[in-house]
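Both of the next two complexes hold chain A, though its partner changes from chain B to chain C.
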Partner chain A sequence: MALVKYLKSSDLKSWLAELAQKNSVFAPRYEGDSVIFAPFDPEQEIFIKNAATAPPKKTVFPQSEKLVDFKYSKDPEDLSRILIDAKENLPEGTAIVFGGRPCDVRGFTMFDRVYMSEEATDIYYKTRRDNTSFITLACDSTENTCFCNWVNSSPSDPTGSDVLAIPVGDGLLLKAVSDRGESLLTSKLLSDGESRIGEGEKVCKEAAESLSQVQDLSNAPQKLLEVFDSIEFWEDVSAKCLSCGACTYLCPTCYCFNITDETKGLQASRIRSWDNCMSALFTMEASGHNPRPTKAHRLKNRVGHKFSYYPDLHDGVISCCGCGRCIKSCPAGVDIREIVLKAIEFEPTVVEG
Partner chain B sequence: MNTKNLYLPEMATIQEVIEETHNIVTFRVTLNNQEAMKNFSFEPGNVGQLSAFGIGESTFVINSPPTRMDYLQFSVMRSGEVTTKLHSLKAGDQVGVRAPLGNHFPYENMKGKDIVFVGGGIGMAPLRTLLLFMLDNRDDYGKITLLYGARSPLDMAYNYELQDWLDRDDLDTHLTIDAEFEGWEHNVGLIPNVLLEIAPSAENSVAITCGPPIMIKFTLQALEKLGFKDEQIVTTLEKRMKCGVGICGRCNIGSSYVCKDGPVYTGAQLKELPNEL
Partner chain C sequence: MKFQNELKDSIRKALPELDVVIGWCGSFDRLHATPHFIRREEDIEKLEIGPLSVHNLATYLPGLRGKKVGIVVKGCDSRSVIELLQEKLIDREDITIFGFPCTGVVDQAKIKKALGYVGNVESCDMSDKSMVLVIDGQTHLLNFSEIKAEKCYSCKYPDAIISDHFVGDKIGNGDSTDANYEALETFEKLPVSERFGYWLKELDRCIRCYACRNACPLCVCRDHCAAESREPHWLSQENNVRDKLMFQVIHAYHLAGRCTECGECQRACPVDIPVLMLKQKMNKEVRDIFKYEAGVDPEETPPLLSFKMEEENITEKDW
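On to the complex of A and B.
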């Protein structure tokens, strides 16, 4: 039986403060109009009523990070020659992310298949991933943009988490999901939670039942390939899109990046930054040729990647965690669910004769 | 699990710079770490990322063959920031190298066959690797035909070795340019048209082609007319790339990542992929 504890809401900050003694702790809080994951600050209110505006993606995959530092120096034997020293800049320390939702944390498992594959392991990602624990908050309510149930998940899915926290009464029921999770549940602030397991199950069940009806996406990979050459279809579904890229930045599973160099005096850095496939520059080649010249091509790739190409490469797993942020935050009202369902219903025009 | 840092370039020194044309420069480089250079192994068709430090990285094919390991050769056409910076470098300067990346030409399947190379412009670079590799293993292959075309003689790279290629009796070399040019003694005409004139037999043959997209398109049509089937045609593609190892997510055609699953594809493989070149 996995370890189950109970934490009173009034003790949450004290508990996080304890955890913050040995780790960087990230928790959701308001910044302006948005709820984001920020380093825990006991002076600031933690917001856990709904899912945060932005997922905790940056805790493992920073929006911008230095990969390599270059240092220039003159060759003492030939002063006209510049020598260059390259140093990797690996992340250090351990972190705990409190308050991510099951969809958010499951998103990292989609990164894992790409960033920690047998053939190529991204050491920057892996170092942070290995050193970050997740105390995930099960959802006790859902929004009409939520569709985790369409992508084989649920509002209390523990996949990728170390501890699952379920809101019950005036507190949190804390269930250890991993060994690392058990080691996070040793505080004296926590009481035994066994007696509240039933209550927790009820909360999870009610949240799951509040979601919209599950849609069968099993033939989405094939149908998206069939609709690939129908540019009219893609022009139609992308007509509203502004190419702003909010969907990619707020997506827990969007993992594309750019690499650029920045020079300052006798030093330079190679920097990795989040990139955005909705931008025309994403695939623009130096010759001027662009394989995805319009927003229709680009939205096709984004939807195709999540619901067709990624599943094709990764045992059928859809690279969308159903958090609905791309729908909720799209300034033009593009709804990825509608696009996928429309593609599933797509029938190619049959030319007579 | 391989935990080598995928993004850390090997330091390398430019040994020689060859001005090929008004916009193409060839670099011959060696890795500074002698052990790494000695152990460096790759296959014809593999690519690498060259770093112009402080500016960035771009992908180029290694166009010297693995049978000649005194240096690694890259030909760089000036077209953006990184290539412009690379063009300013001279012998003795430092570059970063991340290589080998990508797949390679399926030369094992080409043994005993007649080979037809069709290269246009800078597209000759990857073909050069395989051509020299095959010449260095000449007995493994049948007749080898090379058709190399450029806009004008001034756009033709590897000038210094073309005469040798023309003179060899184990290589049937054809050169072509788009329009008449004073002193030009070879073919004049677009590559696909000249290919149809040369009309190499498709029987027991493989055609390997690389060049600008428009040339590839019509070359594939010409090869089809000559009776080449999709699986007898091999090409090598180009995309904007960053990581070179299938992670950064921009060079995909459907579920195939050109940087790691390519850049070499057969005509048959290309037909399986979504149409997004």
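On to the complex of A and C.
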């Protein structure tokens, strides 16, 4: 039986403060009218009512990170030679992310297959991933945009988490999911949670029932390939798209990046920053050619990648965790669910002759 | 809305001559609308106009140049169309404009704030004065005056200024005056350090998605934007709030005297950064110096797109 503890809401900040003694702790809070993950600050209220505006993606995969710093200098022995002194910037320290949602945290498992595969490991990603623990909040209420249940998950899915926290009564039922999770549940502020397990299960069940009816997406990979060459289909579904980066940058599973060198005199840094397939510059080649010249091509990539190409490479796993942010935060109301369902219903028009 | 059917009839008549008509329709729940591209007769039925018709559809026009496009506009949206015409970014003969008397749109950010969190919307009924939402079985009553977009409080042009087909009765200017810069003026009185601190704090959460830019009907450089240019290298890719602010400054400067204050930049921002204020500041200056208001007269040239040997209100010779 996994370790189960209970934390009173009034002790939440004290508990996080304890955890923050040895780790960087991130928690969701209001900044302006949005909820984002920020370093825990006991002076500020933690927001745990529903999913944050932006997921905690940046805690493991920063918006922008300096991979390597380097300096140019002349070789004193041979002034025609330029020396480069490079220093790798590996992330340091351990972190705990409190308050991600099951969809948010499960998102990292989609990253893992790409950044920590047998063929190649991204050392920057891996270092942070290994050093970050997740205390995930199960959802006790859902929104119209949530569809984790369509993609083999649920509002209390512990996949990728170390501790699952379920809102019960005036507190949180904390269930250890991993060994690392157990080691996070040693505080004296926590009491035994066994007696509340039933209550916790009820909360999870009710949240799951409040979601929309599950749609069968099993033939989505195949259907999206069939519709690949129908430019009319993609022009139609992308007509209202503005080619911004809101959907991808807020997506817990979008992992594309760009590498640039930022040079200031003789000092420079090699930077990795988020990139996104909806941008007009994505896959723009130096010649000026772009294999994805229109927003129709680009939206096709976003939907196809998540619901077809990724599952084809990764045991059928859909690389969308159903968080709904791309729908809720899209300034033009593009709904990825609608597009996938349309693709599933797509019947190619047969041209006679 | 009352004249929705009249509008549909009007579109039905015009559609055979047009490639597409852009309006709005329902979205993922009853509290949201989404742009609707009408290409076939059967698409017309879904059209809905009203307080949820927040998107400024003029944004799509430059991208559809060369096509015959119909567009449904609120009063404020029509100003963007005029500005695009002034700048010759669209062709009048290719555009068919459908206007209606606008009584204001909602600000989703205000609704979110009023409710704390939105949740599973089951129904949403709107009257002139209020909105009744049923969310997870609970009923919420919101006064329209509390959730209206800021721009609508001081709207000077609720009826499309330019249109080929206007449905419903015009509302007229009423008692509205010039743009309301009260909040901006209060902000301007703060010491520089506080103002700067404000922007550093607000922009810290910017994810550099450029939704603010792409939703703007008058940001027409898009894939040649200074934000992403490597040469010249205006902005770095570092996670640096000054770079983020720099982009907002670039946007505001490029929109000075062109911006119609439609508010799309701010509405589009997924992390609710109040970027409109920067543009209002530029517009206020343009108003004071050039006595000019953007997007009102298709025959005018925006002051920063023209050159006069002697400016009336810039008295450099007297220095």
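Following the convention adopted for this analysis, the second predicted complex is superposed on the first by the 352 of 353 C-alpha atoms of A that agree within 3 Å, B and C clash if a C-alpha of one lies under 4 Å from a C-alpha of the other, contacts with A are read in each partner's own complex, and residues count from 1 in each chain.
Keep in mind that, in the parts below, a contact is a pair of C-beta atoms (placed from the backbone, for glycine too) under 8 Å apart; a residue touches a chain by one contact, two chains touch by 3 or more.
These numbers were taken from a predicted model, which means no experiment stands behind them.
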Combined model on chain A: chain C and chain B, fit or clash: fit
Touching partner for A:Y255 - first (chain B), second (chain C), both, neither: first
Touched partner set for A:K188, first chain B, second chain C, both or neither: neither
Chain B versus chain C as contact partner of A:T142, first or second or both or neither: second
Minimum C-alpha spacing, chains overlaid - chain B and chain C, in Å: 8
Contacts on chain A seen with chain B and repeated with chain C across the two complexes: 258, 260, 262, 284
List of chain C residues in touch with chain A within their complex: 20, 27-29, 32-37, 39, 55, 59-60, 109, 112-113, 116-121, 136, 201-202, 204-205, 207-211, 213-215, 222-223, 228, 230, 236-240, 264, 267-268, 270-274
Complex contact set, residues of chain A against chain B: 67-68, 70, 72, 78, 80-84, 86, 88, 114-124, 126, 225, 228-229, 255-263, 268, 270, 272, 275, 277, 282-287, 289, 291-292, 297, 301, 304-305, 308-310, 312-313
Complex contacts: residues of chain A adjacent to chain C: 31-34, 36, 49-50, 53-54, 62-66, 141-145, 210, 236, 239-240, 242-246, 248-250, 258, 260, 262, 269, 271, 273-274, 276, 279-281, 284, 327, 329, 331-335, 337-338
Residue ranges of chain B touching chain A (in the complex, touch as defined): 1-9, 11, 51, 53-58, 79-80, 83, 92-94, 96, 213, 238-240, 242-243, 245-255, 260, 274-277
